[in-house]
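Shared between the two complexes below is subunit A, which pairs with subunit B and subunit C, respectively.
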Partner chain A sequence: MQLLLVMKTDMLNVKSSKMKGKGKKVKGKAIKFCPVCGSTEIVLDSSYSGVFKCKSCGYRASIFPSKKERKAQLKIQEMAFVLLAFAILASFVLLFFARFQYLSIIKQAEKIREERAIAMLHGIASLPELSCSSSSVCIDKGKLEVINSSDRIKNNYKELWKSSNIKSIVIETKTKTYVVYESSEKGNFQTYLTYVPVCNHYCEFAKIKVKLILPENA
Partner chain B sequence: MLREKKAQEEMFGFVLIVVLVIIIGLVFLAFSLKKSRPSILQKSAQIDDLLNTMMVSVTKCRIENENLSIKELIRKCHENENCDDGNSCEILKKEINETLILALGNSTEIRNKPIHGYSFSIEVNGTSHLENIKIEAGISKGNSFTSSLTLPLGINKPNAEIKLKCWYNASLS
Partner chain C sequence: MQRETVEARTLDILLSNFMPLKKAEPLKVSFEKVNLIVGCNSDSVLGFNTIKVKTRKESEGIERKVYDKYIFAEIRENEKVREVQTFTVPFYMPWYVASLTFLWPKERTYCFVDAPTEIEEELGNETSTGLGLVTFSDQINECPGNSVVVCFSSSNNCDIEVRGSFVKKNGKALPYINKETLYAAIFSDPELYFCNLKRLAKRISLQTEIYKEKVRTLTNCNTVKAETLDSLNEAASRLASCIDPRRFSEALNNLKGNATALSDENRYAECQIF
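The block that comes next holds the complex of A and B.
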């Protein structure tokens, strides 16, 4: 459409240049219009010499009023259309770029959250309140039994888990599930898990699951 | 003639702008559609932990009223020593299989998970019964990562290389 407009205005320019070439200094092209119906389709009536005829309503007269198309107005219009088209294109590019940036920020946030969760899982297993006395990473079954059965101990650590955006910490062995912490908070959560041995005399294979509270826009 | 040339120049300029904008758009499109390499950070760390935990987990193999861990059972299997109630290598394979199913799922379950296949193997320099312990499940296609750990089998004995190769789909993030 824009291309057509440019072509049309260029054609007008060519016409007006031809007129200028004849020595007449015309700012724009004069267009006759019908005073009855307003149509611009005015032709010379072949039946009468010097009489014009409106093609659409048939009105005849020797003089029809005329209006001039202003070149400056056309130029402004053309410029406005070009600017509008450019603004629309630029806004599309900008929107695309913003969307691209937004997605990459979300991905980065997810990655950071994931790294934090992995560190947290190992951190929980290494807490002195849970870990074995031996140097290797493992959870003491005796300590776990005590924490699992005591609400008072669970409440003592409530603030610590809450400040780390943890919804729940559960340790599952083949035979039993131990709940270290569970909050009643509602919202979006993501579960992260890893494997850790739960030991007393022997070590059992166990999963440690942490539910993290996600931010609202995640 | 001059005017016509100017009109052509204007058209050329406009077309040039449109082409430039389209090129910029295509570059952005290519960037946004470019598949980012999936992050396997969490899964990889998880599989490392799985191997380490598995090695210290207790098994049903009893020798002199003591239950052995998988680590100890691997040594027994290499030395071809039996448990009180059966062949150490058979018990070892069964225990590893059970643990992997518990952690990653069985052959049918695993197909719908981000890690859709795995292959467990123990490699030793020279001949060993441990070479027979190979467990595979799920789909062994696509991207993969391997978690491994080295287990010394004893003084003047080779080391066992325990490997767990996992295949994951591209959606893993």
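The block that comes next holds the complex of A and C.
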């Protein structure tokens, strides 16, 4: 049975070598090997015609089994390595892209936070508790004095400031600093400021500074 | 959960403290039709409004709280919205207290029958300053189909009726004291209306404290009496703590009376406080 199989493979080899002549693709060259010791050093025995001899162990036979060179396997292996290398490269590109996207999202978030903070500053300045009664945008110095000096009034608005992630609101004129709100909250902060007129009998420009609590990953 | 929360962010302008809303603007809620749940809580010092977006039966986004806005809306439990119409008006009692925001689904139309000219000029599209948010008509049958019919004179087949100093809707009578509270009563769910009015009363009470301290510093000139401010504060506190809806109208009118008295006193004062 084994001999028959060997013969079949041999015949296939002959076929494949014939096909070579016709310009067909040959997948691999057949190499004879010794069934006793496995050596591939098989030579024609000069003493007998049509008999082959193993150089290594001296085994003689007219038919030696043969095996194909693993070219296709090598090609598959090569392809696998190329694919692996490509996958690694692609993952590096993807990683770089993700990092780039992450940075741009952080930048965008920062920009949005900044825009919101500026809108918030104007919103705080036009809050009825601080603003002048006239339609013009200004802070009433009288109301500011009251809020600055009364902790009880400051505390009334605590939930509003807290829910807006505000750490402190300070209004600085040339002569005085007014604290509208100050919390003992710890963490990362970012200060935003703008200028607003503070009016009583006359108006003066003042800095309104808002310290915002930043999110943990900012 | 995450998706619903992201969708709620499209309402960000409405849900963020200090973010000003335009006089009238449509706001995108979501790409798909969702159910918007507007709530109110008047238990804390300032009280707050809440908004939640619900896309599917069991899926609700995070509830967002807003402390400095007073949102009056009526969105039914199963009503799906993609866009909402908002408009804001300043509320004076007697000084500028806050802005009131009215909100309804963009698909919904309101038809005011026999409305006063003042309201028609503000919400209609006849004048250049009109917001064009509401249809005005002299007869109910001229109102567009499916619109919410608001009658200012006695008629049949009205969804909402304005009678005397009350707005009658859903079998409930909502008292109003001025144009702003009339709008609030028309566009709001009764529960939200009472809750937000209580919040406003609390805000007036807090602002009265600031004005009282301000009056104390004005020693050199004739200004409003501290007692008048005390009366307003008391009226506001009474409204804020009113539990019985039948006494709500009385408390609301009392607040208005005190605010008018203070406004008159301030008008003739040497040093005006507002």
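We take it that the second predicted complex is superposed on the first by the 147 of 218 C-alpha atoms of A that agree within 3 Å, B and C clash if a C-alpha of one lies under 4 Å from a C-alpha of the other, contacts with A are read in each partner's own complex, and residues count from 1 in each chain.
Note that in this section a residue touches a chain if its C-beta (ideal position, glycine included) is under 8 Å from a C-beta of that chain, and two chains touch if they have at least 3 such contacts.
Predicted model, so just to flag it, every value in this text is computed and none were measured.
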| message | Per the contact definition in the header, classify A:Ala206: touching subunit B only (first), subunit C only (second), both, or neither. | response | first
Note to self: One more residue to check, A:Val196. First (subunit B), second (subunit C), both or neither?
What the structure shows: first
When the two structures are overlaid on chain A, which partner does A:Ser150 contact: first (subunit B), second (subunit C), both, or neither? second
Discussion item. Quick one: is A:Ile171 in contact with subunit B, with subunit C, with both, or with neither? Answer first, second, both or neither.
Written reply: neither
| subunit B versus subunit C as contact partner of A:Met120, first or second or both or neither | second
Of the two partners subunit B and subunit C, more of subunit A gets touched by chain B
Taking the superposition as given, does A:Phe100 touch the first partner, subunit B, the second, subunit C, both, or neither? first
Would you sort A:Ile139 into first (subunit B), second (subunit C), both or neither based on which partner it touches? neither
Subunit A residues contacting subunit B in one complex and subunit C in the other none
Given the complex, residues on subunit C that touch subunit A span 16-20, 44-46, 48, 65, 67-68, 95-98, 206-207, 209-210, 213-214, 217-218, 272-274
Given the complex, residues on subunit A that touch subunit C span 116, 119-120, 122-124, 126-129, 131, 133, 142-143, 145-147, 149-150, 152-153, 156-160, 163-164
Given the complex, residues on subunit B that touch subunit A span 2-4, 6-7, 10-11, 14-15, 17, 21, 24-25, 28-29, 31-32, 36, 39, 41-42, 45-46, 49-50, 52-54, 56-58, 67, 69, 99, 102-103, 173
Counting only contacts in the complex, subunit A reaches subunit B at residues 2-3, 6-7, 10, 13-14, 17, 82, 86, 89, 92-93, 96-97, 99-100, 103, 107, 110-111, 114-115, 117-118, 136-138, 174, 192-197, 199, 202-207
